[in-house]
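First, the structure itself, so that you have it in front of you.
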């Protein structure tokens, strides 16, 4: 019985310490949201914490909606979003007494990607739309080999999908035959392992060794075309805070848009603001 | 055995017994067919087991070969750095341990008490029946549905947020039935004589349970606990929405912090890195560590169980 | 339980009361699960009728207007469950037969450990293997559009439910009395005849339970289908079509929805459907079991 | 005197290498169409010996058997022997009734079906004949489709006998067939055993000396794995040659 009592005691002590820990922790910033933003959110957070060791930043993913939800519920300090907050989300936030404020932290563009062995280099918006709506099903119709096209898309609720839907699909439905993957990285994996595949992904995820980016209407996805909006699929990446930020949150956001912070944005393959 | 002799004899016997009917047809070809069928079935059953063993070994060897190179002291003692492309995985390792701890804090005591209730106190009736039904239903619920429940109840309704506490409790709900079943078996294996002896000495019901029954069932209960810990360590779906995060700067220092967890980290590395080439060795390394944790804990449980069985028998 | 009449003291009643109350938390948890899944799932019926949900084939939850047809997702779940069961249940029963009827005791321990280890493999690891090993292999070998499909996910799910089916079947095969095997052998039956004519029928009830529990697990498994099934919301026409089972839809989309939106409720409604399916399978298992007890 | 159906030559058995012998150099002849009883205290090896006669000991791991068992002059332990054929010719009834969890009809038809009999009509005849010969027909003819488990213990044992004789064995081994039955059921089985020896060579193991005296033509007495003495029943029970036999049958031990 002694052993049992000891175990119970140890459990009690450990539990108490866990609960107590929350009380005297350092100031904590939590970032929650889009998987697209996570890579540079994380590396900037790491860099920021090196400069300000007293601050803790945790980064969690799950999607733009998740970030918005967390901000509405007041469980995160920053919502990272690859799309603008929807009106219903903003309404919900207001109803909960929160006031979402938008910060543009980086620029991005979505590019169509194919397997490196694919000879196709450029597609028009119309061709892309037809491929994704299921009207074009063979690569030879767009100047490729006589092979079927494996269409790979993203979840209908992801920010990346929304941009694609708005700028390329223009309201047409994606064919239900399209494969759907749950995240940007999974899309890269899927396209890299499939010679027939076409997908679309944020510029930051394009890795020349694994997948090949196509140009749209002759416009390559590059930082310049993205910033200037020359490529139709360019978009801004956002972080939302509750009210105008102060303290460490402001410091972090300032760091993120500073040249130092933007270096990390560039290193992760995204497009800097300037 | 070749035996026309016996066949005729069998017929003679038959006519002695009864004049109607023929003997059972003993066709030589049919006997060959039976032998062949027997051989074939044996062969197929053996090869099914060999097939499964080979599949398991192939999986384990493949992962070990791919991930072995990534393993190093630094890998298991350093936090992830540089957008997960460098560094180690100490944060998710510790996070998984913390999740195990929190879930067990809830599930173990409640599970054992429930088993005590079933075995020592319950007198049949509706209450026991509905609790039994609840436990079995709980055991059958898909883990992702438990995740939804955790999100709606712990995170949103109780305002725990996406935190260690929410995720741990969700996992706790998941393994509760396992612990109850294991503890019940352990309690049922305590001989009635022990209880009778305690009662004969004038012990009260509670004294008997606390002083005699629980201590003798303790090894069995612990074994069940260890085996369920293995399950907690490997689950992803229930913690995806309730507490596991993509990246945390350090260990959770309180139950309201969010955590990184090994299985979720595997998922993240496999599906969300910008730099898949660089993270590939880390992916395999993480999988290997996850396997080591899950299988290690489970094997400890299995070893304890087989020792226990030997003691009992 | 010894009956000590009316002289129950506080030292007796207090622990009893405390233990009963704590034990009841199991019922409470189950009740909360039912309540919250219902509460968060039912509001979708404001946006879409039951027929639209059940018979609609198009799942476009964020287009405007959103379409919440879950038929393809439910179909995906059923297809994956069915295929994996067809693969794994016969194999599981075969393993159980091998372990009880053929394998010498000395090495059956080793094989049982093998099965248990298989059962302990985290699903995320299997999903990973499906994604990076099986998918490219299938795609190239069979010249498919994609290796992430129904077959890929079903094979891995089969691996997941195999240990459940095998272990539970083995238990019920074990429970068939040796004397019945003896009787069969004494009549000149071969081993395989004894297995299929006497032992299997004798264990049929237990094997049926094992199979249903396996089906239940396949139905509710998430990570494997999330990572390996391809995720296209369409009713599969062949074993190599991509599918999007309910569980993977929930896991993939929950993070992206806003709380309280129709999409959010739709996902909870899917959870609710899954809950109903598994609970009714569970009732089936209990039915089979109690029929066995009566006999 | 008719010919010897079974001849056992210096049969020894051990349950594992190096362990003491469970059967020591047993030599015995069993006459055709006679009823032989094996008696002896429990653990003397009589059941083990019985199971050697249709090779049921093959399933026990580690068992080693030396010596020969000749059925119609051919060694049943010879390498070319088909064990399933052997067991069809040498049927067995067990200590406890062990009907399959099928209907009465299916239980009896099990053996013939194994042998390839598919014809419903002929199967029906075999079922009826076997049940008549085991004295069960009148009791069950109206409920052949009832579960075998619905029968009483004595009826179940007779069903097992019917099942065993449905494949027309030449030898019928009975391993303490009445030990789980009440006296009435026991009497019926004994009567049946006497009836059956007209058609089969019957060997019955019993721990009940009265039973052996009542039913058998020949008796063999086993002690500690040894065949102490065997011969006509009347002779064994009246003028045993060996002191140990005498002690046993006069109830000094066992």
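Lettered A, B, C and D in written order, each chain numbered from 1.
The definition used in the following text is that a contact is a pair of C-beta atoms (placed from the backbone, for glycine too) under 8 Å apart; a residue touches a chain by one contact, two chains touch by 3 or more.
Predicted model, so just to flag it, every value in this text is computed and none were measured.
Visitor: Farthest chain from chain B, comparing Cα centres?
Guide: Most distant chain from chain B: D.
Visitor: Quick one: chain A and chain D, Cα centre-to-centre, how many Å?
Guide: 79
Visitor: Roughly how far is chain C from chain D, centre to centre by C-alpha average, rounded to an integer in Å?
Guide: 48
Visitor: Just how far, in Å, is the C-alpha centre of chain B from the one of chain A?
Guide: The mean C-alpha positions of chain A and chain B differ by 35 Å.
Visitor: Find every residue in chain A that makes contact with two or more other chains and list them.
Guide: 61-62, 66, 73, 181-182, 186, 189 - these are the residues of chain A that touch more than one other chain.
Visitor: I need the residues of chain B touching at least two other chains; which ones are they?
Guide: 34-35, 156, 210, 240-241, 270-271 - these are the residues of chain B that touch more than one other chain.
Visitor: At least two partner chains per residue is the criterion; list those residues in chain C.
Guide: Answer for chain C, listing residues that touch two or more other chains: 131-132, 190, 193, 227, 251, 254-255, 259.
Visitor: Go ahead and list every pair of chains that touch.
Guide: Pairs of chains that touch one another: A-B, A-C, B-C, B-D, C-D.
Visitor: Can you check the complex and tell me which residues of chain C touch chain B?
Guide: The contact residues of chain C facing chain B are 1-2, 9, 11-12, 14-16, 19-20, 22-27, 29-33, 36-37, 39-40, 91, 94-95, 97-99, 101-103, 111, 113-118, 120-125, 127-129, 131-133, 159, 162, 190-193, 195-196, 213, 216, 219-223, 227, 247, 250-251, 254-255, 259, 267-268, 271, 274-275, 278-279, 281-282, 286.
Visitor: Contact residues on chain D for chain C in the complex?
Guide: Answer in residue numbers: 54, 56, 59, 61, 84-89, 91-92, 94, 96, 98-102, 110-111, 114-115, 160, 163-164, 167.
Visitor: Which residues of chain D touch chain B once you look at their complex with the stated criterion?
Guide: The contact residues of chain D facing chain B are 72, 74, 80-82, 84-86, 89, 111-112, 114-117, 122, 125-126, 129, 132-133, 167-168, 170, 198-199.
Visitor: Taking the complex as given, what residues does chain B use to touch chain C?
Guide: Those residues of chain B that touch chain C are 34-35, 37-38, 40-42, 44-46, 48-49, 52-53, 55-56, 59, 62-63, 109-110, 113-114, 116-118, 120-121, 123, 127, 130-131, 133-138, 140-149, 151-153, 156-157, 173, 176, 180, 199, 204-206, 209-210, 230-231, 233-237, 240-241, 263-264, 266-267, 270-271, 283, 287, 290-291, 294-295, 298-299, 302.
Visitor: Which residues of chain B touch chain D in their complex?
Guide: On the chain B side, the touching residues are 1, 3, 5-6, 9-10, 13-14, 16-18, 20-27, 30-31, 34-35.
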